[in-house]
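These are the structures in question, set out in turn.
Here chain A shows up in two complexes: once beside chain B, once beside chain C.
Then we have the complex of A and B:
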């Protein structure tokens, strides 16, 4: 096996405003994201040689991409729950690295606001149901599943629940601040720690502002061979590593699971660091977009990815390490918390922010002299996760 | 762009019996198919470095593969309606050709008998519905959609409907004969032309025996780099070409569509022939597994793939060209008609037969000295199809 390092580049990206897009159908969102990416890369739809579409609930098969009119090329749907957007980019990257496609479109979409797909409705999720389908367990909800992490983390590291909740509130406040600087974010309101602490409880100890947005949206990337990238633009970004680890336990809640880390996050990030030649991620990664479906997971990701020491994320949160002006800014665009979380689009939305940051084009959210950016996109649950990590840079090694 | 020719090999395959598998869940079928493939390739589950799972209705995300216990490796779900099984093999092939994976599992599964997913039930299919989801049009049924092809073909080529129906019956009789030699097929009963002609009409002019089985089943392939293949077995098969063409019209029934050919079939096969260096498929292809969801589509595929002249499939059907002892045997394992059609598994099931034929291991169905085999797997509909073509050979060029 070899690494994908410096074989593949991203030369254009697009992203719709996320949020309540009552006026837009799935096709409208796809067109909006794709045409921004085409224009950004300086290409026409006819230049796309193959496409990968990521969506969980908003389409079946590549024909969902019909509104783009990409006639008679290969178009494939990929899906891996909330990591679906990253999977579209991963599939396109492999085809380009294999040399069988020179210009690929990776695109993801989800309409969630008007379909009610937030809990048990819609097609099933995990497991092997009595009726022969693989379906979600009745009564499952994402907040309740991730709430376990918070309670256990507080207990393991001897925090009073209210102190722990305050720490999570700090993460929400940071992401709301970043989101307030982002016109494409679902939520652009500033909040205070006090507001977050007093917000209605969703699944204790997680309250309203610990939970990410349920949103409509689409995002897209134009992927090419690294050696062709400068034909498209002077400032492409290069894929240094991409990694996926699926924690394929049968059912999320196994007896030996510690509920204070996700082994999938650890494996995916360590594999990516090895491929990218990164020894100290805390020092070498310039900025990161991570999967803050719930604030507690952003906190655990700090530790799982080596941004903070195990059990000591608190010190870094309190020191402001992950704020826009900190040593390692995280979720500079507002994250899932404020940008929103249209499942099939989120992984590509993360890359959209990194792409702009690495090229110095992130406006009021710009971090200083970034060199390497990271996206971390989780699917599934604590205990049965699908963790995808991309590392990208603005120079070829 | 370069061809994938001779970069990737298949070194092991597995396939469950297809049919009414009331006793087996999705996980059981996956385990049965995968372990046959592992054993056939002489590998252990731990040797699998990445996996792609194809399923339309029987799972969401790679976690559906949990019963195999492939912990912390990349596992991705791919989907392209009835071409989903071929997509799993295509994704694995690209990753191997990119050099990022040396040993990959491509696996597909579907449980259809106990979920009622044959018409409108289950998640939606094509289109951009008013509720923002991409869903099947109300009242859609596959037999009715493909029936248009038959009526129009008979008219275009000036056949009396009963003569046309007799021609289709000949295809069903051939596939039932082949299926009768195949212990893994859903249906193993012999039928006569008279029986097929007198069977209940499903969607005129298509009757019961013109329609493929609705089945449960799973199939799997172990994919490696071609230069490593003989480390696994002395007789691997090599991928000469793989091609996908999506006819991304918005909605199936457009005004300029002729209903006697599928442009997607033509494009996918011509691209594959070019990559494999095939000039005359009728002479160079030794045997083929094609997408006979309905007998009329097998007839049209003969023409679309260049096995028969346009409008003249009749001559070849009557000459027995596509029977086991004919010049170009098609659907030697019984096809979708008799082997059955568990959507996510079918593309891999086709390859399972070709793999055995090319290695001289197809038992009573063995064709003489095959050198090149073809699989053709369609998703979607006439007019909005997803056509996948693989060409494989038993020697490196």
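Then we have the complex of A and C:
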């Protein structure tokens, strides 16, 4: 089995402003993201040989990409819940790695604001299974499914709930600060720990600022063969690992699933590190974009991905390890919390930030001398999770 | 020797103080409080709880389940079948609804005793539950409460024999509810008492005593239905029963629970009975059914079950607004969350064992008990991946502990926040489920939980499923 390491490069990316894009439809967002990526890669739409479109709710089939007017090329819609954007990039990259496509488009979109309701429709209520079983078992909200992690984490590590909530607030404050430096982020406001602690409860122990934004947006990437990358630009970034691990509902069914870690995260990162040749992620990863749909999950991801010791994320949070100036900056663009979370676009939005950071183009958010960047994208929740860990670098090894 | 072999009851934990009603309508109220069914309870779920309480274990060898109510959730579709399914009675159990009369409870008891006597049924459960509605601002709003009782009838280990019975019917229109109306109506109060209730009850009780050659003084306890406390006391006096003989009707603590009321009083009376106590039991409604019971030596066993005192003590006050909302007496703004689709009747049928009695599976290869998400029929073991090596495994009677929890403000529920828990069963297996009958501020990791059958929602049909219930309030 061969690794994907250094076989594929990203040579152009685009990302719309995320947020309440009332005046924009799915098509507008797709055009905005795709044409930024075409321009960035220096290509024309006709140069795209195949496309993978990711969306959870905002369209079915490859036809959803019709607004781009691509002429009779293979287009496939992919879906893997909140990890859908990463899935599009993964599919496009594998096609390139297989040598059957030289230039591929990966694009993700979601138009959540058109539903006119709070939160995320359909499977947003956990318990709504896709095969027609909706409504027999209770449907609780997505925040509740992550609140389980917080309740358990506080209990397992003997934290007073208020101390635990303060720790989570620190994560929200960091991501809001990073987001404030990012004109494309959904939210640009700074918040304080006190504000986060006092915000209305959404699903106890999680409050408003523990939850990511529900946003509209699209993001896109142009991928090509690593050996052709420099034909497009002098500073491509190279894919080192594209790892995906999917749970089998263990969290909901077996008692040894502990709700203070997500095995999906652990497995996906372990495989990614092996493919990328990474021994000590804490030292070797320059910066990471992780799935902070809820602050508690960002905290657990620190531990699952080996950025912090098990049960001791607190020490690193308090030391500022994951801030822009820290040893391992996380969610430098504001994360899902602040950049927003249009489901199908989020995985590609994460890569959009890493792509800019590794090329030194992240402006006021630029981290120092980055070499390897990581995106971690999660669909579902504990034990019913779809975790991706992608690693990219600015050099071929 | 045929009689009652076990007893059980269920009182919903919510209480509406009658002062709340007085405050709302600026009227004089009776004293006390009424038991109010939770937003996720109805006559069926309360009867299930009472039946479990009565069964105290396996439903094997129970050949009949008779359910008495005037407030069946369905007008067409049997409630007893749902109750028998949830309590996991055998497929050949004969189920029947006894309805349309406040006397339905004693009618069902009489039928069960007759069946056991003639041998067509070995053991029968008679359960009664009611959630009657009185119109806001009316007398019945203050008077009616919600509750359920269950008694098992058989011929082995009898705690109280049913020695004889006497019944009369009377087409007297005192209380009624028309087919398309929500609220119970009544004739003039004095007319009901003087022309209906008192003479009918006197006739039935006198007839019973005459038939058995007994007098008022022969009974250790008299247990009888009345519409309210005043009428109850009035009849006792007129019949010459002393206060010590008369079973407290619980009206001031839980209200008048309709078809369940007389049976709940009987359960309380049996809990306090001594061997050889003679008990007079009378159900009323469109006539009256009188019974003479006699406690046996085995009566001491009933102390093993949860007593009426404990049931009354487990309570939480609610306000008038919640009462209106829970019982659909007020229209409220619908939630702004996305609507859930109607449960699939086909999926419900396919997963009927899981839905009805919370059956999951246990792997014969590795022994892991597991409850798959509804609709996801499981064939591969989540632990050892063995294929098709499962045996059925019931979770509804298992106790567990809360592994984690979430208090969900977004969940559409009539009692926010939605309380959800990861329940780890003591004998293995895990279920993520909603929790009910609890104080959200006291929910904590590690708290002991048992399972309870509840109404999840009502669309075109009613969706029943299981929730976790903290064992201590």
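Quick note on the criterion: the second predicted complex is superposed on the first by the 369 of 397 C-alpha atoms of A that agree within 3 Å, B and C clash if a C-alpha of one lies under 4 Å from a C-alpha of the other, contacts with A are read in each partner's own complex, and residues count from 1 in each chain.
To be clear about the criterion, a residue touches a chain if its C-beta (ideal position, glycine included) is under 8 Å from a C-beta of that chain, and two chains touch if they have at least 3 such contacts.
Because the structure is predicted, anything quoted here is derived from the model rather than measured.
By the touch criterion stated above, A:12 is placed in contact with neither chain B nor chain C.
Judged by the touch definition given at the top, the superposed model places A:370 against neither chain B nor chain C. Of the two partners chain B and chain C, more residues of chain A are touched by B. When both complexes are overlaid on chain A, the residue A:344 reaches neither chain B nor chain C. After overlaying the two complexes on the shared chain, residue contacts for A:264 are found with chain B alone; chain C is out of touch. Of the two partner chains, neither chain B nor chain C is touched by A:179. Looking at the shared chain after the overlay, A:100 reaches chain B, while chain C stays out of its contact range. Of the two partner chains, both chain B and chain C are touched by A:248. When the two complexes are overlaid on their common chain A, residue A:164 makes contact with neither chain B nor chain C. In the superposition on chain A, A:334 makes contact with neither chain B nor chain C. When the two complexes are laid over each other on chain A, chain A has residues 115, 122, 124-125, 128-129, 131-134, 248-250 in contact with both chain B and chain C.
By the touch rule above, chain A contacts chain C in their complex via residues 115, 117-122, 124-125, 127-129, 131-141, 143-149, 151-152, 155, 200-204, 206, 248-250, 252-255, 257, 259. Residues of chain B that touch chain A in their complex: 1-4, 7, 25-27, 49-50, 55-81, 87, 90-91, 94-95, 97-102, 111, 113-115, 122-126, 128-129, 131-134, 216, 243-251, 263-264, 267, 379-380, 384, 386.
Contact residues on chain C toward chain A in their complex (touch as defined above): 336-338, 340-344, 346-348, 351, 355, 368, 370-376, 382-383, 403-412, 417-418, 420, 422, 424, 428-434, 440, 445-446, 456-457, 459, 463, 465, 467.
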